[in-house]
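Alright, structures below, take your time with them.
Two complexes follow with chain A in common, the first pairing it with chain B and the second with chain C.
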Partner chain A sequence: MTELILLGVLTATYLMVIAKRMPALIRSFCYQSFFLFLVTLLSGFMEKQADLYIIALLILVSKVIIIPYALGLIAKKINIDDNLGLFVNAQLSLITALILTYCSWVFAKTLGFGQGYQLLAITVALSVIFIGAFLMISRMKALTQVVGLLVMENGIFLFASFVSNGMPFFVEIAIFLDVFVSVIIMGLFVYKINKLFTHIDVNKLSRLKG
Partner chain B sequence: MQIIIVLGIPVLLALAALFIKKQRIFSIINSIGYLAVLSESLLLLKITAVSGSIKLYGDFIYLDILSAFFIFVISVVAFASALYSIGYIKKDIEKNAVSERKSRAYYILFNLFCFSMLFVPVVNNLGMLWVAIEMTTLISAFLVGFYNSKESVEAAWKYIIICSVGIIFALLGTILFYYAFSLLGGAKSLNWSDMAANAAAMDKNILKVAFIFILVGYGTKAGLAPMHTWLPDAHSQAVAPISALLSGVLLKTAIYAILRFGIIVIKGAGFAYFANLMILLGLASLAISCGFILVQKDLKRLLAYSSIEHVGIISIGFGLGTPWAVIGALLHIFNHAAAKSLMFFGAGNIVSVYKKHNMNGIRGVISVMPFTGFMLLLGMFALTGFPPFSLFISELLIIIAAFTKGTYLIAALLLFFLAVIFGAFIYHFGKMLFGNLPKGMEPIGEPLSGKLAFIFLLFQLCALGAIVLFIKKDLIWAAWILFQS
Partner chain C sequence: MNIVLIFLQLIFFLLAAPFLSGLISKIKNNLRMRKGQSILQPYYNIKKLFLKGEVVSETASWIFRVCPFIVASSMLAAAMLVPVFIFQSPAHQAGDFLALIFIFSLGRFFLALSALDTGSSFGGMGSSREMFISALAEPAFCLVVFSVSLQSGSTDISSFSGMHALTVSSVFGAITLFLVAIAETSRVPVDNQETHLELTMVHEAMALEYSGRSLALIELASYLKQMILFFLIAQIIFPIGLPVFGNLAGLFFWSLWYLARMIIIAIAVALVEVSVAKMRLFRVADFLGFAFILGIIALVCAVLGV
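Up next, the complex of A and B:
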């Protein structure tokens, strides 16, 4: 069961890589977060830990509902064309994503996670992190970078929960809060950029040099 | 007890800034508050030097001399910045660059920023350490983009994105440390004190991989070379007192984090691994900053690149790792904080009078602003490591350590880069400071609070150099923490 959900996370990540428009990207992020919620719920169920239920609920509320909604709202409000502006086209991006997944698998093995579904989980987690980073550098629009950061954050969460059954509870909550605040602040800055520059193309932010 | 005062005052001041409408009165209260923080931090330094480490509130807070030292550095620069802000923000309001209302926002953010930085060295839990460092990024991003100009918002955006990505890798590293610790069996904990106690038994390979992530992550925040790209933008666009805080102490909090993890790695995976990485990144920082300093045209960017240079020197000092090199690096952390704040205050004064950053258009500073000009001249000599100032001592300690350890190549490169940077600074500042009074400008008086900030920092720069021999026992102790194994 867990394996299936993990593959769901990976599929949602690939969907993001080939997304060309903002709504598709946000929707895929929503799917990814939902699978993350399922994983957490399942491991809470199997290990009978109340903490994990609370964290699963937090994921559902913040990452599946509020953040995608807020991102959609910002995207609508700044009212620009919702093309992501791919530096690397969809096919090449997908190939890169596959290579990153393979690298993650090799990396997970060298770290010593050689057995069972833990290897799969770590591979998925690491590839989500790396693909998130790849999304950030290969897309033009500032909002994509916010999404990329959230994807990386999801990967980290997955990594933490499979490497050592999650971080201590209050640390997990603090990190959650932190991510939430950072998304709000970044959204604010995207808004400011749009107001000052009348676009959110990161590659055109080049006033500061040298 | 002291720690509650140190952390409480910034929070109280942030709250007070919400209610006190008179900007002038509040700015003075603000400085008095940070004077109190400074005195408490001195007390803290003394306590930790005498009684070793302190744990409070169920291991949540952990203090040893290393944390106390960083708290001291932060409060010195915070106090100077608070003093300098009095005159600077007043002038900004008079020029209509910011409104009275916005100046309150400035003070709220200033205090929250100081709080988040002071929080970094006191937490024991490495996860909370990560949260605290991410908090410093988020709060200071507003202070970088404070003027809402195109340049400043661009700088703030780069700052927040690059640092957030970097720091996510640091979180990955933190989790790997946690994993290595949980493999030992026994109680799971993210507390630094627990991990450091059991470091020797941890899996070497995992520690090594984890430390790479830590170094990339926190190294981004510290401004180490290949990850430094956000730094010149953010430091040059921030409000001048904040530039001082960013350059002087924000970078150092990230170095603090690297050191904490470094101590675990040294114990678990041996010193050579840590040393090689630190020296490599340090030399890269020196080389890159040296090039940019030579060809720089923008005054504040020049100072920002000089911060990268000094972070490089500090990292080489820790990498060399002999007790004297570590003392040199610790001293250098303090000295650089004081000198760089002084320079940023001077640059702030210049920019507000000349209304430009470009050094080609700035001439005759000493005749326009005699006090600032003179202080900048002294500050420049201090920053480049000229003898009467304490940076000379700290740099000398590191170079001597490099020679005595037999790493002649490192010593030679260090000397070479320092000499080139010294020449570049003399060239840039000589042109700016001297020369005739520019047309249409008259000598200008400067606010007393600003002068006090300069004198306070200059005193730190001279005095600490002189008394280093007296307090060296404590510093040796601090250095020893790094090598207990």
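Up next, the complex of A and C:
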């Protein structure tokens, strides 16, 4: 069952890679976070730890509901076309994502995560991190960088929870607050950039106004 | 006894295939707050078309006349490759899962050829698009075949139908096959069966020149293809083993059980069709590329044994 949910996380990440529009990207992020919520809930159920339930609830509230809503609001407010502006087209992105997954599988093996379930979990976590980084560097719009960072954060959460049975409870809570605040701040930045330059294309930002 | 059961399987396919199409269109219309046509409308359509005369273009060659028979008989042959009421598929010596894919391609090839035959510009457009879509859909289909056969140890369809446990690999295989089935049965994100809008139609453009009996055969073939694909998805995602029954009542219940599983798939297809907008043609490459990636995940899971 957990394998299925982990692969669901991976599938949602691939969905983000082929998304060409902002709403689709945000929706896929929502799916990914929902699968993350299911993973945490299931591991809380299996290890019978109460704080995992709280973390799962926090994921559900912040990453599945509030952050996608806030991102959608920002995207709506900026009010430019929601094409992401792909440096690498969708097909090539998908192939790159696949190669990144393979690399993370090899990497997980060299890290010494034996067989079966844990290998799969580490592979999925690492590839989510890599694909998040890939999303950040291969999309033009500044809002995608925010989403890419959130994807990487999801990957790090997965990685931590499978390498060391999760971070300490208070660290986890602090990270949630951090992520939440950073989304708001970066959203504000993107909004300001859009106001100043009337676009949020990252590759045009080097031509600064005097 | 086996001969009788094989005939029953053929009758089951022929009788139930139009029903699934009618059901999907009924669900779609009801979800859009419309009354919609009757579930039995596909049967009426086929009956009407069989009774009508046929108009054939003067420039058409023999390929145009012979194509509906090839298309319909290839789908019937494909229907004989899946096991429904007996342990082995009726034509199991003749071919396996891979043969099914190539028999599908045979029908598609002749349909595309006949669309080119009359020289109508719509036909050429439709067949080139169909070839584009199928070239992308077939690799994903093949990956599903490989992942399923790795699990069951044979490419014979009956051996994977005999599986009882649901694995991660079969879940992903079924999702892949679902996406492929949407593309192959010309459903909404890829094509639209309801419209004859010249810029978007794919399958309808190929069948545009046909009328009367030939059109009835082609429509029947597309219903059969849809039912075979739904049947395969149902076998992968709801593994119930091979049929066991003693008498006629048992047989009746088995066919109801098969039909119930396919109705679940049909409902899923209808929901997808209602909730998704039709894609641009070049976006289909991304859609089927995604299906291909899911197929690779299924294959890797099958190799890892999860």
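List of remarks:
Basically, the second predicted complex is superposed on the first by the 206 of 210 C-alpha atoms of A that agree within 3 Å, B and C clash if a C-alpha of one lies under 4 Å from a C-alpha of the other, contacts with A are read in each partner's own complex, and residues count from 1 in each chain.
Here is the rule we use: contacts are C-beta pairs under 8 Å (C-beta built on N, C-alpha and C of every residue); 3 or more make two chains touch, one makes a residue touch a chain.
Here the structure is a predicted model, which means the values were calculated and not measured.
Considered on the superposed chain A, chain B and chain C are sterically compatible, since they fit side by side. With both structures placed on the common chain, the touch criterion links A:Val181 to chain B but leaves chain C unconnected.
Superposition on the shared chain A places chain B and chain C such that, viewed from the Cα centre of chain A, they span 160 degrees in steps of 10.
By the touch criterion defined above, A:Leu15 reaches chain C but does not reach chain B. The wider contact with chain A, measured as residues touched, comes from B rather than the other of chain B and chain C.
Within the superposed three-chain model, A:Phe189 lies in touch with chain B and out of touch with chain C [touch as defined at top].
By the document's definition of touching, neither partner reaches A:Leu38: not chain B, not chain C.
Of the two partner chains, neither chain B nor chain C is touched by A:Leu150.
By the touch criterion stated above, A:Cys30 is placed in contact with neither chain B nor chain C. By the document's definition of touching, of the two partners only chain C reaches A:Glu3; chain B does not.
Of the two partner chains placed by the overlay, only chain C lies in contact with A:Leu98; chain B stays clear of it.
Once you line the two complexes up on chain A, you'll see the smallest CA to CA distance from chain B to chain C is 25 Å. In the three-chain superposition model, chain A touches chain B and chain C at no common residue. Those residues of chain B whose C-beta lies close enough to touch chain A in the complex are 125, 127-128, 130-131, 134-135, 138, 141-142, 145, 148-151, 153-158, 160-161, 164-165, 168, 171-172, 175-176, 178-179, 182, 188-190, 203, 205-206, 209, 232-233, 236-237, 292, 295-298, 301. Of all residues in chain A, those touching chain C in their complex are 3-4, 7, 10-11, 14-15, 18, 20, 90-91, 94, 97-98, 116, 120. Considering their complex, residues 168, 171-172, 283, 285-286, 289-290, 293-294, 296-297, 301, 304, 306 of chain C touch chain A. If you check the complex, the residues on chain A that touch chain B are 111-112, 129, 133, 136, 142, 145, 149, 152-153, 156, 159-160, 163-164, 167-168, 171, 174-175, 178, 181-182, 185-186, 189, 192-193, 196-197, 202, 205, 207-208, 210.
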